[in-house]
Structure formats: structure tokens, C-alpha cells
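Look at the two complexes coming up: subunit A is in both, with subunit B in one and subunit C in the other.
Let's turn to the complex of A and B:
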């Protein structure tokens, strides 16, 4: 319990530090933050009004205080471009990112874990000579490039899947849930999810394999063999269960880093998620929105690191006892 | 990323010259290559790309950014691969083959600089943190937590908007955010090294802490630094490509990411111009995989426990 509280305190400090760094980075950006707003037709008075409206006439210290207190209440300011609260804009696209991330992570981890266990069991065979370089190659391939090849082959070449977006334009749905569970949405989701899954499966695969190799040398495996248990029983019930823990931790960490790392895949497939929102906001100099999107991504990353830490702590008795003694 | 070793390295030589130690590390790379086929393949790939980068000026056929015209004064737009243009031309009439060759140079420059920066920072912080312990250690490790709590790619994007578009943004971003990985492992290593007899012996002879740290302890962790550097090169090249692809890279430097962004934005996917966007991707894969292969071979020598 004490451990969890310490980690929680750490987490809050990290969150505050990142928010502060971000705040000052955006305030020190070259050019006026209102550049996107001001064109030839804006009069000097209108400019002044805008500056007051966004609170830019206050001192840096005051602005910082406002930023922190508002952020604590979930208010991340107004988007320059959408002219709506940043929180609303971000929350609108967040489900798309979460669905994309979770679908691809689950596919990647189920496949990666099974393939990793299989490769460990067949150590030294020819399949290992192909499997490992292949897994390393998928981890080395830039996600956006993989996405481009997928688009060229399956969307433009064969015409099996749509080329981008999350829904066919003009399609109407009764509710958000109806939209997400529609066939149309799934067809749009397929290519980006597969692309991400191909990229993500390498880590669980290699992790599972090396854990399995380690576990397979333990005495309880030899014991199992001496008891005359079948290969599949040893593999699934004894070895795999023990090798899974680090993979589970990696999964939680994976959610956190994928939400930020999805930026490129979302851009390639024009997937309306938080990563693409961030890229567009930075390009359009929409600083409040960029700052808000960045903070939400950071928030997810830090929360997931925290959860990974805690689960590891709770699930592995060795770590638990080492910490308490 | 390699896992932290749970047993200390077998080596722990007293007082070694840093230069000797560096050359021993490099020598070890070649001996690893002799024993491990993965590492050998990785080194061959690196050597190949290094040669291409060095002789890029001799290898290209045209200036990579020059807009080319056919003999009858038409813009050489979207030409398929031919004798003159080995990989065809882009939508704006530029030679793809020459861009690919020049891209090798910028990829290697970014990759090697970033790796050097991140590993230098990680090594120094790991050494200081592990050796002095106490509040210095606590402070540095809390900063490491913060650096790891920042989403990497989004941060580099914001950085690129903050500074002017340049390839160095990627180097700065990597140096600022990725050092904790190597620092933590080196810190653990130093903590065990500082209890060894040879460090105690140096202390007894009156050597100051900095002298002990950099003359006696540092050479023993260089092998670990090298391991992280070989992975960091690939990371930097991947990041540079992603940033350029998202449109936050410099527009006057040809890199593989720039080529892919150009191809994507000029609808090369819809036209099925595979000869345009496939080669840069394959080059990125080859160079990143080479780093993985080398670190893998090296890891098996450093941490023989993994070798079943």
C-alpha cells in the first residue's frame, strides 16, 4: 500500500513537471500565438480583444497559475481553430484512438505470445532461423511506410478497403455506439489496425520467447517431464503461464506508448484520432489544442506506466516480498 | 531495448586507459561478428551504407533536388524506371535514385550523431548517479522518470514546431528523452563496480572520486554504452523518417522520410508507383535491422546467461 502511494505521488509529480515544461514551451514559441486568427481585416482593437479573451495580456506567472488551476478542473482552454473547448474536441476523437490502439494491441499480443512460445519450443530448428529475423524486421519497419504499402496494395490496388477516414462521408448513425459497431467503421478500421498490429507483435513475440527459454530451464519443468506429462501440458500449463507476466506488463506499457506513437499511423490513414489531431493542431499553430492533446497523451502514458508498475508488483510474489522485506 | 543485467558483467578490470578500452570495445565488435552470424550480417549492412554515404557524390546521377526535363523539353514527371533514371522520377521531375543515395548520407549523420549524444549523456549520468548515490542519484533518477513520462514522438513534433524545421530537432529530442534507458542500466552496473576491490585500492592510493570514476570505473561500462548506441542509431533514423513524413522536417535536405512524404503527398500510392516509395522503406528497415542484429550478437557475449 505504501508502495502504491509512493508511486502515485511520483506519477503526479511527473505529470505536473511535463505540464509545466509544455506550458513554457508553448509560451516561448516564436511568433504570436494568435497568428492563425489575425488576418488583414482584423483591426487593432479586435486584436486586443482577442488577446484579452485568451488571457494573453496577463503576466506569465498569472497565466501559469490559471493554466494549472484550470487543468486540474479538466478545462484545457479554447481551441483557436475550432473555437470550442479543447477538452470537447479531444474527447470527440479519443474513442477512435482507443479503439484503434486496443484492437491492434490485442491482435498483436495474442499472435505474438503464441508465436513466441512456439519459437521457444522449437529452438534450434529451421523455423527459428526465419522467425527471429522476420520479427526483428517488422520492428524495424517504419509504421507509416508499412501503412503506405498496405494502402497502395489493398486500398488503391485491389480496392478491398477504403483509403482513409473512419466512416464513409455522409453516412449517418443513430448513436456513437451504432457508428462504432457498424460494418463501415470496421472496414475503415481494418488496414490501420493490421498495420499497427504487424508493428507491435514483435515485442511480445521476442519477450515471450526469451522468457519461455528461461522458464524451460527451471527445475519444475524437468519435474513435469519426469512425471511423464505431455509436451502440451508442460508448454501451456507450466511454462507459458510463468513466462506471461512480463508480457502482461509490456501490454500495459504498450497502451501508453501506442496512444502517442499512433501519430504516424493515424496520419497515413487519415484516422480521426488524437495523434492526427495533435499533428494538425501543431501545423495550424493552434497552441491550446496542441497543448491539450499532448497533455492527454501524456496522461494516458503515465497512467499506463503506473498500472504496469502496480500489476507487476502485485502479480509477482518475488518482487512483492523483495520490496516488503 | 536490452534488459538490465541481473548479474554484473564478468569483466571488471582495474585502471584501464579509456582509449584502449574503446578500441577493445570496437575490437570486440569484430570478434562478435566472427562468432555470431547475425552480428556479421549487421556489420556488413552498416559497412555498405557507410560506403554509399561517403561516395554519395560520385554515385548520384543528378542533383537530388534538381527539376529534370526530357530531351523534348517536357517536365520529366512520374517517369518509370529506365536506363537514365534507375528508379524513375518524382511528380515534380526529380531523380528518385539520386535522392535515395543522398538520403543514406543524412540518415547516417542523424543516426550516428543522435546515438553518440544519447549514449554520452546516458553514460555520464549513469556513472555519476551510480557512483555518488545519495541525493544526486535521487535527483537524477527523478529527472529520468520525467523524461520517460513524456510521449516521445509528440514531443519531437512540438520541438520541431518550436525550433525551426531541421534534422537536429530529432537529435535534440532523442538526446533529451531517451538517455534514461542507458543511464539506468549503467547506474546499476556502476553500483556493483564501486564495491569492487580495485576501486577500493584506487581510493586507498588517494585517487579523487572523479579520477576513480572516469579512469577506473568508466572503461568497464563502455561495452554497455556501445550496446545502447547500436540500437539508438536505428531509433534516430526511424524517428527522423517519421518527423519528415509528418511534414515537420527541413524541405531542403533530402532524407528517406522526405522522399516518403513527397510520394504520399503526390499521390504515388494511388498511381501504384512502387519504385518510388518502396526503396526508401527497405533502406530504413535494412539499417535499423542491422543495429538490432549487432546489439543482439553483442548482448549474447555480454550477458551469456541468455545463451541457452
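Let's turn to the complex of A and C:
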């Protein structure tokens, strides 16, 4: 319990620090939020009005104080660009990003872990000569290129999947849940999720394989063999369970990098998500939206890390023991 | 400074010796020269953001290099570029720039007045800071002349003045390419509007489906920003707003304003009093009738401060609006305004007073109608708003009760950021109308040839691409210098090499797409390197050891 409370306090401090850095970072960047509006017929007075409306006429300290006090009350301000509350804009697309990220991460890690264990067990066989270079190639391939190849083959060539968006044009659904659990959504999710998964699977695969190779040298494995345990029991119950720990850490950290990597996949497949929102917000100098969106991502990451830590406890009795003593 | 003086002295000495010894004809005619012109940065958008413009910048830097200038291309992301060029107006020398076509720019006033009138030089559209008293007078006068023929003379004169002074080196009017599936839609029901192509209001109300597919599915390559009748936001937003909200007039397929929600539009003789009769039987999408009070409200609400700041300039000249009966609206203007029909009557959205009246009354201090989110957007236009899924699509339903009811059932605008994906979607049928194509036009034409079902339509833009000289800074304040630089640029080369031939060469701020207003007298600009060098030397500039120098006695105030 005490452990959880300490962790929660840490989380708050991290959030505050990230929020502060974001606040100043965006304001120190070159460019002005007005630039997004100059194509319209704005006069000098209108520009002044915009500055007042955005609250940019206040001192930096004052702006910061407002930002922090409002954020504490859950108010992240209003987007300059969309003229809507930041939380509304972000929440509208966040589910899509979380679903895309989690589905591809789970696919990548389940596949990567199994394939990694399999390759370790079959060390030196012909399958290794194909498997390892293949994993390295897909890991190194640029996501953009990978996405375009996927589109060319599975959408335009074979016509199995749609080429973009999260739903068929103009499709009607009774509720948000009905939309997300529809077959239509799944068909649209397939290509971006597979692209992201192909990009992500290399890390768990290689990590799992090298861990397994190490663990397989350990004495308790030899002991198991001497006891006459079956190959599958040794592989799954003894070797894999130990080799899995670093992979679990990589998974938690992977959520962070996947959200970043999503920008590319979301753009290639026109997937509505937070990555596109961020690019748009940063290039339009939409400070409230950019800092709000980053803050919400940070929040999600911290929660995920927290869950990963708890999982670690469940997976490894040594950690559990060290924390309680 | 002392160094350069010394060096100049040495150079002059050399020239004198050359002269004395009778060596070479060049030295014999050499004039005394001023400072060398400093190294010049040519700003541009990045290659990724605008490949054609960047390519043109590279070519121009090379061409000017042959004139003895040291030019480097500095590519910046759009917002940074705007920050330099728009907000720090005395810091830059030359930049690539563009003006985009919009329906309300079908009247030449916006470009003729805003781009070069001295009043817009400090913070407005005249970011190059070129001012000219004669031009100011013409720009002001053309607004007051209602007779089109007389106004044409002024608009022509304005274009000729710009041609003489070359505040911009105009490059091209790009050609836009559109495509649609001709097996889904009847080709003969697609309207082309000058400057806007087939993506226009009339196409969307008239286009007729041939079979089962009754949804028109088109694309935007940008994220949508807002759908609000009091807010002029992103470009693709306006394609939707003009369908949901009606206007008193609409720009017709000939590019000129035509009565729309107003059945008749009549002016008094001096062009200050306007009488309009409202069309019969119009209703809002919620079933309420459209009344003259709604019309009055639509024009008076934006007149107040901080309600609709972007629309305010277009209604500020209206001094009174009266409704003698329940069909008639009489507007009085403070002075004649030739562009009023295009820039006000065809631009302001008609909004229901019963919806927006209470909203505007309830605005908090410092808040404007721009940030109001209307859940069900109520207009009286041929399409009703159904929904908008952020970053995905906007769905509009046909309004069967409208007098110009659309033939399609729904109009769907999909946000597709990836241009190759958009091309694939058009071929697979996920999309059937390419309304926003940002890729290589040749690829679209090839795809259409391979497909067989697609019709491609090309159209010259109202907007244009150009090089902007900062007239605040020498030597760009010298018309002769600007003209020589502009003359050096081979437009045909730029058109073919940078725009792949999908453009028309330009030399005026009024596009030939506006065929009535465009001055053909500016079309044949003579270009060439020899001519440019001759012009420079006539103006006193000299090339010494391959470097361009100011005329004698002129120092470079902006050299580092």
C-alpha cells in the first residue's frame, strides 16, 4: 500500500515536471500562433484581439500560473486552432490511438516472444538463417515505406482491406462502442496495426531469443533435463518465464515509442489519432493543444509504466520479496 | 569598411591601368562601381511542403547567380517562413510566396487593393512594402466605380503599373487537376468554375448519379479546422460551410455574382442603396421559415466588435439595413463598393436568428462567435449537416426541400493526408471525386488512363506563385533592379521544370481565370539573360569579377 502511495506521488511530480517543460518549450519555439491565421484577412486590430483572446498578452509567469491551476482542475484550456476545449479534441481521437497502439503491441510482443523462444530453441538450424535476417530487416525498414508497401499490396493490389480511415465513408453506428466493435472498424484497423506490429516485433523477438539463450545455459535447466522433464515443460515453465522479464519492461517502454511512431502510421493510413493531432498542433503553434495532448500522453505512459511495474511483481517473486522486505 | 574602400581603390586602379594600356574593351567601358551587392537569401517553403516552389527557388538562385549575385535558398517550414516574412517585415530580402484562389477572390478587388495598397503595408497583405501613390489612387477608385467597363479600365491600369514596377516577379498560375468517376456520375452534370475547377458549389448541387452509388465521396488533404458560419477557417472548411449556409448571392459558373437567396438585387444610380427581395418559401434545416429579420441579423451581428472579427471588415461599410415589408431588405452603404456583391453578398452566411441570437447575447467577455460549437449546425442551404468525425470525415445530407435540391443523397468529405492513398482510393471506389489533389498531375492522368472509369479535369487557378522582393530594403527598392531580376527568369523553364508543365506563365495579380478582368497587355513579358544584364548596366549596376556591384557611390546599408 505504502509502495503504491509513493508511486502515486512520483507520478504527480513527473506530470508536473513534464507539464512545466512543455509549457516553456512551446513558447520558446520559433513561430507564432498567429501565423496559422494569416492567410485570412486579418488586420492589426484583429491580430491584437487574437493575442488577447489567446491570453498571450499576459506575462509568461501569469500564463504559467493559469496553466498549472487550470490543469489541476482538469482544464487544459482551449485550442487556438480548433477553438474547442483541448480535452474534448484529444478525447475524441485518443481511443483510436490507444486501440491501434495496444493491438499492434500485443500482436508484436506475442509473436516476437514466441518466435524468439522458438529461434533460441532451434539455435543453429536453417530456420535461424532465415528468421534473424528477416527480423532485422523488418525492424530497420522505415514505417512509411512499410505502410506504402502494405497499401500497394493488400489494399490496391488484392483489395482485401480499405486504404484509409477508421470506418467506411458515411457508415452509421448506434454508439461509439458499436463503432469500435464493428467488423468495419476491424477491417480498417488491420493494415495500420499490422504495419506497426511488423515494425515493433523485432525488438521482443531478438530480446527474447538472446535471453533464452542465456537462461538455457543456466544450471537449473540442466537440472530440469536431468529430472527428465519434457522439452515443453522446460521451455515454457522454466526457461521462458525467466527470459520474459526484460521483455515485459520493453513492452511498457514500447508503449511510449509506439505512440511516437504512430504519427507516421496514422498519416499513411489516414488513421484518426493523437499523433496527427500533435503534428498539426505543433506546426500551428497551438500551445494549449500541443501541451495538453503531450500531457495526456504522458499521463497514459505513466499509468502504463505503473501497470508494468505491478506486472513485474506478479511475474518475478524476487522483486516482490525485495519490495516487501 | 576601410578594407572594402581600399579594395575598391585597388580595383579602380587596375581599371585605370587597363584603360591606359588599352587592354580589353571591357575595361575601356567600365564605369566606376559602388559596393558589391551582399549575399542574398531566397526564402522558400521546404521541398517536402511545396516541391514545385522549392525547385523554382533553386532554379532562380542559379539564374541570378549568372547576374553576379550570390544567392542561397533558405527553405523554412510554413509557420517559420510566415514568422519571418509576415511578422518581421524589414528583416528579409526575397522570398518565394503564393496567393491561393478562393471563391470570393473571383472579384479582382481583394488582390488589387490588399496586395499593393499602402494602407496594408505595415501589417496587412502588402508584406513586400511596395507603395506607389498612383497605384493607391487606382486601387481606391476601382472600388467606387460600379460600371464594369469603367472599372475594367482601372483594373487594367493597376495591372500595367504592377508590370512596370515588378514588385513581384510573377512565375505561374498553377493548373489544378481534379478527377471523378464517370461511371458513377453523369459527366455532363459537372460544372467548371473559372479559377476553382470542378470542385465548386454548382457541381455539388447539380452532379447526378448514374446508378446505385448516390453518395459523393471526396477528399481533403488537410485536417479540418471548424465548421462555423461566423468563422473563416481552413480552406477545406469553406467547401462545407458554403453548402450548409446559403448566401444572398452566389458566384456563378462564369465567375460573376448571381442572385441566390435574394431573388432580385437592385442598386440605385450612385451605387449606395441596395434593394433585395428574399426568395419565397425558404426554410431553415430545423423547419422554421427564413425571414427578412434573419437576413438583417446575418449582416448586423458581425458588425459588432468581437462577434465575428473575420467577417467584420466585409459589413463595416453598411450604414443601415431596413425591411420595408416581409420580403424586402434595403441596405445603405457609406460609399459605393464595386466588390460588394462578391465580397459581401456572396460571402456572408445567412444564419437563423432564433438559433444564433441567444448564443451571441450570451457570449462572455473576450469570447467571439468563432469559438461557439453549434451541435446541430442549422443553415438553409442545399445540404444539411449530419456529422463530423474529427480527422476522419464530414457527412452532409441532401436537403430535398431546397429549391436547388441536390441530386445526390449525401456528400462526404474524407480527410486523406497521404496523396498516394487518395489516388488508390479513387481507383478502388472508396472515393469517387478527387477534390484536393496535391501530387504530381501526371500521375493522376496516368492513373485515369489505366483505370478507364475516371475523368480528369484541369483548371487554371485564380491564385499564383511568385517571387516577392522586399521593397523596404535596397537594392530591392529600385524598380530597375527588380525588373532586371524578374527579366532574367525564364518563365517557360520554370513552368516546365518546376511545375512539370501544369501551370500557365504569369505576369499579373489578376489571373486569366478571371478572363473579364485580366489584362492581356501584360502577358508578353520579354525575358532573357542578356536583356537583364543590359537593364542592370543601364541602371548603373556593374559586374566586376563576376560579382554584381551597386551604381557608383552607393554603399550597401544591409551588408553584414
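In this text, the second predicted complex is superposed on the first by the 263 of 325 C-alpha atoms of A that agree within 3 Å, B and C clash if a C-alpha of one lies under 4 Å from a C-alpha of the other, contacts with A are read in each partner's own complex, and residues count from 1 in each chain.
Rule of thumb we're sticking to: a contact is a pair of C-beta atoms (placed from the backbone, for glycine too) under 8 Å apart; a residue touches a chain by one contact, two chains touch by 3 or more.
These numbers come from a predicted model, not from an experiment.
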Subunit B versus subunit C as contact partner of A:28, first or second or both or neither: first
First (subunit B), second (subunit C), both or neither touched by A:267: both
First (subunit B), second (subunit C), both or neither touched by A:241: neither
Touching partner for A:81 - first (subunit B), second (subunit C), both, neither: second
Subunit B versus subunit C as contact partner of A:297, first or second or both or neither: first
Subunit B versus subunit C as contact partner of A:151, first or second or both or neither: both
First, second, both or neither for A:284, with subunit B first and subunit C second: second
First (subunit B), second (subunit C), both or neither touched by A:125: neither
Contact residues of subunit A, present in both the subunit B and the subunit C interface: 30, 148, 151-152, 155-156, 163, 267-268, 283, 285
Of all residues in subunit A, those that touch subunit B in their complex: 10, 13-15, 17-18, 21-22, 25-26, 28-30, 123, 133, 136-137, 139-146, 148-149, 151-152, 155-157, 163, 210, 213, 217, 257, 259-261, 263-264, 267-268, 275, 278-279, 282-283, 285, 290, 293-294, 297-298, 301-302, 305
Subunit A residues touching subunit C - in the complex, by the definition given at the top: 30-32, 34-36, 38-44, 46-47, 49-50, 52-53, 78, 81-84, 89, 92-93, 148, 151-152, 155-156, 159, 162-170, 267-270, 272-273, 276-277, 280, 283-285
Residues of subunit C defined as touching subunit A within the complex: 77-80, 82-83, 86-87, 100, 110, 114, 122-125, 215, 217, 223, 225-226, 228, 231-232, 306, 309-310, 312-313, 366-368, 370-371, 373, 389-393, 395, 410, 412, 414-418, 420-422, 424-425, 427-428, 430-431
Complex interface listing, subunit B residues touching subunit A: 38, 142, 145-146, 148-155, 157-158, 161-162, 234, 238, 241-242, 245-248, 260, 263-264, 269-270, 272, 274, 277-278, 280-281, 284-285, 288-289, 292-293, 296, 306, 308
